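Encoded as structure tokens, the structure appears first; notes follow it.
Per-chain residue numbering starts at 1, and chain names A, B, C and D are given in the order in which the chains are listed.
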Amino acid sequence: MAQQPVRMGMVGGGRDAFIGAVHRMAATLDGSMELVAGALSSTPEKSIASGADLGLPEDRAYPTWEAMLESEAARPAEERMEAVVIVTPNHVHHSVAKAAMEAGFHVVCDKPLVLNAAEADDLVATQERTGKVFAVTYNYTGYPMVKEARHLVRSGAIGDVRKVIVEYNQGWLATPLEASGQKQADWRTDPTRAGAGGAMGDIGSHAENLVSYVTGLGITEFASDVTTHVEGRSIDDDTSVLLRFDNGGRGILTASQVCPGCLNDLRLRVWGSTGGLCWHQEDPNTLTQTSLEGPDRIHHRADGSLCDAATAVTRLPGGHPEAFIEAFANIYRGAAAAIRAGRDDGETHDYPTVHDGARGVKFIGAVIAGGGDGWKRFEE
Amino acid sequence: MAQQPVRMGMVGGGRDAFIGAVHRMAATLDGSMELVAGALSSTPEKSIASGADLGLPEDRAYPTWEAMLESEAARPAEERMEAVVIVTPNHVHHSVAKAAMEAGFHVVCDKPLVLNAAEADDLVATQERTGKVFAVTYNYTGYPMVKEARHLVRSGAIGDVRKVIVEYNQGWLATPLEASGQKQADWRTDPTRAGAGGAMGDIGSHAENLVSYVTGLGITEFASDVTTHVEGRSIDDDTSVLLRFDNGGRGILTASQVCPGCLNDLRLRVWGSTGGLCWHQEDPNTLTQTSLEGPDRIHHRADGSLCDAATAVTRLPGGHPEAFIEAFANIYRGAAAAIRAGRDDGETHDYPTVHDGARGVKFIGAVIAGGGDGWKRFEE
Amino acid sequence: MAQQPVRMGMVGGGRDAFIGAVHRMAATLDGSMELVAGALSSTPEKSIASGADLGLPEDRAYPTWEAMLESEAARPAEERMEAVVIVTPNHVHHSVAKAAMEAGFHVVCDKPLVLNAAEADDLVATQERTGKVFAVTYNYTGYPMVKEARHLVRSGAIGDVRKVIVEYNQGWLATPLEASGQKQADWRTDPTRAGAGGAMGDIGSHAENLVSYVTGLGITEFASDVTTHVEGRSIDDDTSVLLRFDNGGRGILTASQVCPGCLNDLRLRVWGSTGGLCWHQEDPNTLTQTSLEGPDRIHHRADGSLCDAATAVTRLPGGHPEAFIEAFANIYRGAAAAIRAGRDDGETHDYPTVHDGARGVKFIGAVIAGGGDGWKRFEE
Amino acid sequence: MAQQPVRMGMVGGGRDAFIGAVHRMAATLDGSMELVAGALSSTPEKSIASGADLGLPEDRAYPTWEAMLESEAARPAEERMEAVVIVTPNHVHHSVAKAAMEAGFHVVCDKPLVLNAAEADDLVATQERTGKVFAVTYNYTGYPMVKEARHLVRSGAIGDVRKVIVEYNQGWLATPLEASGQKQADWRTDPTRAGAGGAMGDIGSHAENLVSYVTGLGITEFASDVTTHVEGRSIDDDTSVLLRFDNGGRGILTASQVCPGCLNDLRLRVWGSTGGLCWHQEDPNTLTQTSLEGPDRIHHRADGSLCDAATAVTRLPGGHPEAFIEAFANIYRGAAAAIRAGRDDGETHDYPTVHDGARGVKFIGAVIAGGGDGWKRFEE
């Protein structure tokens, strides 16, 4: 018999939100989780109305997340919420996540994990103390071809990694969109709610995680240039970073939200001593592998030759494209499996952990703080 | 408040099936439908076991579809199954669909609709008599960029259509896979279960539907070449057709399952007197538009300039790719809306109807029957 | 010491012509030939003026091709023109080519060879009688990656050929351009100067040759649809053909000049029992090879793994693209080598012969004559 | 009457050389120049033998470049060499170029111009003193679509430039190829012959020039990371640079020769306040333009909508690809026009000048010297 869906309560993600709906589709696509409760907005009335929109029972559409934690903890075990999914703006993550774990709930939290290193360390400590499962939705690592890339690098298919170029370019903040009151732009350009990083926090964070997931390398030094192009904006909208890795490899990371025409243009290229890999999020079902000579190889999802980790998260035959929601669902699948297994083990269940989240927060902070100052050391 | 999910019962789609799981993900992705009953296999024991796998209550995991229709019809209206989803091999479609409508249920049926023109006409008559909603899952028309293509053609953006090339190439039957007992290959190469068409029925049918959906043109004449390349196979695995349309336009349709390296390579190109369009299913989030001179235009899903029909079926911002399951879900969304509206209206709710299905069956039959015989007239 | 350039005289290609300049660049790029004489226009004054434009000595800028043949034949051997290059509209090819061979000159002739089968047979007979080298500039076979495709097919890399799709689409005649007096459109749409085929003759001819060169298969039967979309035009502008090959393989050939946005869109796809190939003239430095499973392979010109025939006609390292002129020059290189070797041997020196040209003319004629009539046999 | 070819003498480019043959094809493709003399190797015997290979008269195949300058200067004006083309390893450029100008000859010199800033300043001074035409073959700016990119940026089509990413990646030095004695690798990895920069000098130099040509922006600050990955190599094989421009724009430049599978992968992306551009040297006939919303535009060479500068250097209709040699020939075309016009005017005749070359040398030097040291100011 199939695994029972994990009962989840969602914080944030009500009316007008974007990412909450994605989480709900991702969580339920494979029956990994099911929504049983919600505190879907910071405004109690909106929170309750949003719960009704989603068909939640009246007594589980809570006005506040505090109420949800308290009330759910009091329910009988067999119907009680098991995991809290946090899809609010960043500044809310820490309090909810900490309280959720302390109240006995597992956590799925959007990225970046929290606002700063202190909050990150505190969540790591809380997770270690409580032992709850904690997944951070670095969703791009959920793509099968990213798992194939990881497998190829880790199994030596391209030799020792020498050069990494990771780019995450968007164009939607090329104009002062926040001035129009657009909700997504508003909080993402406000350091009190987004954290130190604008482009660097919102998307550069994904780029750092993708490199780490695929290569396993640690960043030891960096030099960054942190820029705000749009007048009046109080956070970076274009950040570039030179990277040095612990194996001597070199890298470039760039995250910009002022590149008109770029939609969600996350690209990763890795070259080693004997070959290279190239993956592009907007064309996620292929992975290009190159070598010292001879033809390039274009791997396709489900082409009959992929690694187990990639195959395990594939639903459809080759040529039947899977995409963003499916990749996102793979994170939920891993988190749910860990919850059912009763152990926070991102390695076995293939999901990003609180440690990945904490490293990401520290990297964002370091890059922003060191912007324009030349080379800096980075320690997790 | 959001629309209540339509309660569906599934026929076929149990253990070892492929497309049943896709239907379930598609039906539930947006909450269009929910699975409440099933007769998931032609083998009663397997049917019941498959129901348990999917978490169906024991009394709604039926041994046969006849039992499901009878038992569900007897349930109280508020919990009774509302629609029957048919995902069996083709030869089962007609009986189930007809009985379902006659028992008062709406129908969602996989393609091709039925085995032959007589069965098709009978289902059309039954639908007209009963008035039930009937959707055929020509899922490729669910893609937003296909809807944009339709909009551009219908609004005159490329002038009068002169030339259409539609191709659907796969490679998975390049070897005699059916001899190995592989289930999908087995029935698809058996004319008693698949119908007259092999490649033409399984995938050529989608190609015909795609052309019709996008251009609105009727096929008046054709010349076909129907070939079986793999020795011992009793059905076509490679069919090519020259087409003439009712506006004087010309076309080529080709469907092959013996093209190694082609995964699910459905491509549509349409040229009119002033421009052209190109869409490729494996890269579904873009649509190329060309004109008499000057640059090509690459439209992206959610790039801020698409038509209402495309925008209505988009879930994510541009650059966050949507794919096969999401397109499939759009068919379910339309069917569910029609069911809630109480009227079989594919035009308003944007889903393929029993009439589209019937035309497809007749076209398959004509192409196969006319193979190698020169030009033939085609009348729906 | 390098081979001495072959001394060539050109017929056609004067002021306002397009292809003459291409021939001159192609002939001289590698020093295969040098221009020593010309009868560059059918108008004597223009012919002489065009010669001056090109820096020909006054006494070798001839008013007519007849004068050129006569006068050059009378020159001393060491300075005498050796080859006649014919770049006129098609209706002039036969007379010039025949007279040139009979006057002792080798011939390089543009395609299609002549207007009809009778003229083609006559040139074949003349070539056989005189033994002169005769090259037809089916220039697309000059591309290195086309030679690699030929090598792969011929060496069994994709198994037995089952399906061929060759397309040659352009858009420049989507409007009645000939009505404006545009010179290229004018003669190409006039059957008395172009021959029976419009799109089929001008570009379909290249498509047929490309298939023959790469696969070596003979066409045994075909069914064609020959269409004129632009009102008032007296020749086909869109022709589609179903093909059957002598090994049982099947094919589709389409040639259209009314596809807006298509520039010079020649594409060849070939699938065999174990793999496939795809080549696109507008991206000529790559060749995609597919197989029954596993990754696609993208071969690059000069990637260190290509066949001798491809390597032999490569001038630059990989990634330094070569293109149309270079491919065209490869035909000249082969013809010049044959001339220096003193033997008309297209197989050894890798250029298209009068036999290829004759087969092309017959195929054009058959396709046009058989348009809309169902299946026809084809014999060279 | 067409312009007479400029009579050129070549220094370097004999047997075993690579780029000399490219220069000769480029110089003669359009009849811009003709080879009349040569000192084709630093070894006198090889120099003379190479001249014979190329068909030079015995008395103009010189043993040394000094002999060529002296002897040619003494010839009558109407047959005398007019320009010296320098295609030797970099350390030879300065002496030859200086002496050539002083002896009254124009110069075409390969890049990078010279070994260091002092040599560069000296050549600039010599050019200013002698007034001779001096072209540096930054050949990638010869591509029509690069000229279109320049036109679009300069005419405001993408607004104010905010972000530039220029990459030039190759893989041929991923192994210690120089240890095998391969001639191209040998001198390019030897700082005494190549100059301070390895990857940065050989290809990074092109990248810098491309950015300057297209955007017109000056680099004011940079931070670089200069790396040698291959053990035993005494020069950088992978350099990355963060850039700041004089308008406040930001950039990334990376040049690597250790990226296996990258052939000659030069890419330029530029984003401004209202749009973006993307060009890729390996697919040089297209240019992608993006905007704040709506479709991307793919410009094609000769698509009927390009600027004059692009159109002026186009030989073939759209879809008939032009490539590396043709772009290179465009530099020669400009230089020859300037020579015939009697004035060193790179702006009017659209070729890179000694000033561009000098700036490039200084940038290479600064980047290498500043490697790993944090932010540095750059002044030309």
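The criterion applied here is as follows: contacts are C-beta pairs under 8 Å (C-beta built on N, C-alpha and C of every residue); 3 or more make two chains touch, one makes a residue touch a chain.
Worth saying up front: this structure is predicted, and the values here are computed from it rather than measured.
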A-D or A-C - the one linked by more C-beta pairs in contact: A-D
Candidate from B-C, A-B or B-D with the same interface as C-D, over half of contact pairs in common: A-B
Centre-of-Cα separation between chain D and chain A, whole angstrom: 43
Approximate Å spacing (C-alpha centroids) for the pair chain A, chain C: 55
Residues of chain B touching at least two other chains: 262, 289, 296, 300, 303
Contact graph of the chains (line, ring, star, complete, other): complete
Chain D residues within the chain C interface of the complex: 1-2, 18, 21-22, 25, 28-31, 52-55, 170, 172, 262-265, 281-285, 300, 302-303, 315-326
List of chain B residues in touch with chain D within their complex: 289, 293-300, 303-305
For the chain A and chain D complex, residues of the former touching the latter: 158, 162-163, 165, 167, 171, 174-175, 223, 225, 227, 229, 238, 240, 242, 244, 248, 250, 252, 254, 256, 258-262, 271-276, 289-292, 296, 372-375
